[in-house]
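Everything below concerns the one structure shown next.
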Amino acid sequence: MSYNLLKGKRGIIFGALDSNSIAWKTAERVHEEGGKFVLSNAPIAMRMGTIKELAKKTGSEIVAADATSEEDLNALVAQSVKILGGKLDFVLHSIGMSVNVRKGRHYTDQNYDFSTKGWDVSALSFHKVMQSLYKADAMNKWGSIVALTYMAAQRTFPDYNDMADNKAYLESVARSFGYFFGKEKKVRVNTISQSPTPTTAGQGVKGFDGFISYAEKMSPLGNATALECADYTVSLFSDLTKKVTMQNLFHDGGFSNTGVSKEVMDHFVE
Amino acid sequence: MSYNLLKGKRGIIFGALDSNSIAWKTAERVHEEGGKFVLSNAPIAMRMGTIKELAKKTGSEIVAADATSEEDLNALVAQSVKILGGKLDFVLHSIGMSVNVRKGRHYTDQNYDFSTKGWDVSALSFHKVMQSLYKADAMNKWGSIVALTYMAAQRTFPDYNDMADNKAYLESVARSFGYFFGKEKKVRVNTISQSPTPTTAGQGVKGFDGFISYAEKMSPLGNATALECADYTVSLFSDLTKKVTMQNLFHDGGFSNTGVSKEVMDHFVE
Amino acid sequence: MSYNLLKGKRGIIFGALDSNSIAWKTAERVHEEGGKFVLSNAPIAMRMGTIKELAKKTGSEIVAADATSEEDLNALVAQSVKILGGKLDFVLHSIGMSVNVRKGRHYTDQNYDFSTKGWDVSALSFHKVMQSLYKADAMNKWGSIVALTYMAAQRTFPDYNDMADNKAYLESVARSFGYFFGKEKKVRVNTISQSPTPTTAGQGVKGFDGFISYAEKMSPLGNATALECADYTVSLFSDLTKKVTMQNLFHDGGFSNTGVSKEVMDHFVE
Amino acid sequence: MSYNLLKGKRGIIFGALDSNSIAWKTAERVHEEGGKFVLSNAPIAMRMGTIKELAKKTGSEIVAADATSEEDLNALVAQSVKILGGKLDFVLHSIGMSVNVRKGRHYTDQNYDFSTKGWDVSALSFHKVMQSLYKADAMNKWGSIVALTYMAAQRTFPDYNDMADNKAYLESVARSFGYFFGKEKKVRVNTISQSPTPTTAGQGVKGFDGFISYAEKMSPLGNATALECADYTVSLFSDLTKKVTMQNLFHDGGFSNTGVSKEVMDHFVE
């Protein structure tokens, strides 16, 4: 489907790794809706991924950037404006990684160098991206910035580890920076709190398959897919949502407001 | 603008009183986006309003219904399906009224007959509308039901009176019925928590002008207008938001997550 | 245990039915802590219950009152002040009942006379109690009013039926009235959102035993008991919590902020 | 006043700087209630403060510790258990500092070394404290851990800068670690979200006096003082609140749930 919702709009999409990625699906959908963008990812992630395919398919250029490096981000922003021929209308931040999770460190046995690295990549990077955009005055009025997050920022999911705390920080950055970006530039900033999604990254989390199945049973409409998240993101980039800002928006088939579902309760009745 | 987002979709829009109404603007925007609908309002409201103009402009039929009457609502649902030629895809509930406010009763001096009437009209009516739709199996799969609400459901605004409590009930109904409508019919149910809006109804609230101005100063993007609310509602009726359900969605230029703004603080600094 | 936390304080405790009741346990604990009170319940509930035992044990008088009747409540407030010898310091509202649940009506098939009755008893009664106290100027400065509620007000538990919506209204009343009671009388108003508790009333809800067991597994500290709720209420009646107001306070062993527990996930892993 | 609420309980109190500090008032109140504790602060803060007075007054020992140093914290925990003669029952974390604020860097112009240092001191330190306690198995069953936070974690206060994001992280750590501390050790973990308080630290924030006055007008019961916060903390350390965990508890005279007060609105009405 295509509605031309993003015709003439320009942006940056971070974090498309492979065709399972939400960012990948978003790039495809934004392209279908008429938006133009630069794809960016960490140099190392780009070597692993197949992002060139996506660039080809969507007529996009790729600009590598370490999202923890102000220098890289400043360069990326400048280049993007140049490549796309004008200031930006949308940005997707889909970046997250916990070294503690990767190295198998339990939440109660963190290595704090790992914690700091994960926080920098997953949470502070969102501030860095916005500070680069803000200082360069690179966003058009009524532009839209979205970051992906997860409900572990509100409630504990034991295997989500320190990513929960990183996401809480990320969501706070959306509010804090959203205030200034709104006041000064008329730009909105929101986070989408997405269902657990079987991306290549998500699959790194312990017990992820069981959890996907649990979430499916808890969500009255079922889990939201990566493609559905891309659709939702398109709506947030479009001119239909101009006054939605500083919000954390649950996109999860209703999980977040379901105390328990009949399907889950059935496991506890004798 | 028009994106054809609602092409082929059918629905009911409650509460269009005059051209200041959010429901009126929504009807216009839904029409532009290709949706067809029945307009409904209370018989008495219809006499005061100019809804016929809107019906003419959008090629819609009007079916009067008292939203507190199961009989009226059952008839409305049956007629709407018949008029529109099929099951429904969207419903907007924009109905609210406090007798205590109208009669000038303070929150601490309520007349409980007034309270009950206001609750029935403003809150229980949303359950009644959905129960009629549900029992008649009148909603298509992936349909979308939206009700308008206000942040007084979460935080106290002294002049909002018992409407705060009514809106809290309404938002709870969205979650509770959203669970069953999701599970059984794949229909989503959400509320939009809108900026104070200078509708004809809103203007009845004491000190409303001062409050609009305060909210404008508190909201980083400024207050959301009725037209912007219509746009947002269109996005929630569209296929881009299929997995958003049981949510209360703030559409308020950032007011809800602003603790205080510089503009407001300036009034308190000597 | 006793700390003399409520020495010299006077109040009203609504809803003590039998020794399983939270209100019963609260009466016992308040008595131990030196507080004096009137016990009140609906005339019909008093016939079923064994409240006279409690009155004897705690040296309290019983004043029957229908909590939906302004007349009864006004009389109760006047009598309580007289019996206790002065204005009041604390009030516990532990009243709730859904006719739809009792009559086996599903949430999507409500009888609206039942809904209205249940709302009046469970939710509006809290407003009525406070309005009686407020108009009679019957609360001392720094008094404390508490009502019991349940998390279904925030998230859907399918069997909780229309009590979810009633509790949402009740919690809103706590905020709305709390604003005025705070400003005008320096009285605080809060709700405690308690774990599912095997009271005689709670046991009427379908599948309650399975649910208790599920909640136990979801709560890192286990479910909160009726006695623990009484302790918590004592802390909210005491002078240690003077500036806590308009809050909904979860007393649930952590359930509310647990996304999923390991014990629950174990049911979904093959 | 004294109720003997903490008789026989042992703990650590972080962050008592001078007699304006919430931690200082808490130490005094805990002492009055029969609790014994070790006072801890950063070596540099101890040179500036007058903590020895407090130690003398409360019969406590002082153990200096950099709350960002695992080594210091491990030593502190071991020493505290030794000094106090047994495992601990309570811990207060009252530590926070933003280098960006101190150096006058605007939120949109952060120095990320400053951000990282501030996050480590203000937010990650809470995890480090708990990890030290957890690994040393130094908490008694039904112990209570409290950290102080501020509502900027939920809503933006423009001058609060990156402390907002740090507090969001801190509150998330309370939930995440609270889950494991609850499950494994029956220890509860909560944060108190306190009114703006004229402590020596708080006064460093720009426009603080105007903000205190604004908050006073927004809060139906007025701002909560440092002493009232100490009282509330005592209630959370006591056995009356055993099943309250993973919560962020607003202690703010009702500010958090007040949309606007009459006193504030009066500034916006002509």
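As written, the chains take the letters A, B, C and D, and residue 1 is the first residue of each chain.
Rule of thumb we're sticking to: contacts are C-beta pairs under 8 Å (C-beta built on N, C-alpha and C of every residue); 3 or more make two chains touch, one makes a residue touch a chain.
What you see is a predicted model, and the numbers here were worked out from it, not measured in a lab.
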Each chain counted as touching chain B and chain D at once: A, C
Contact-richer chain pair (by C-beta pairs counted) among A-D and A-C: A-D
Rounded Å distance, chain A centre to chain D centre (Cα mean): 32
Separation of chain A from chain C, taking each centre as the mean of its C-alpha atoms, in whole Å: 42
Chain D residues counted as touching two or more neighbouring chains: 154-156, 158, 175, 178-180, 246, 256-258, 261-262
Interfacial residue positions of chain A with respect to chain B in the complex: 1, 3-5, 175, 178-183, 186, 188, 195, 219-225, 228, 231-232, 234-235, 238-247, 249-254, 256-258, 261-262
Chain A - residues contacting chain D, complex: 70, 107-110, 112, 115-116, 119-120, 123-124, 127-128, 130-131, 134-135, 153-156, 158, 162, 164-169, 171-173, 175-180, 246
In the complex, chain D residues that touch chain B: 151-152, 154-158, 160, 207, 210-211, 213-214, 217, 256-262, 264-265, 267-270
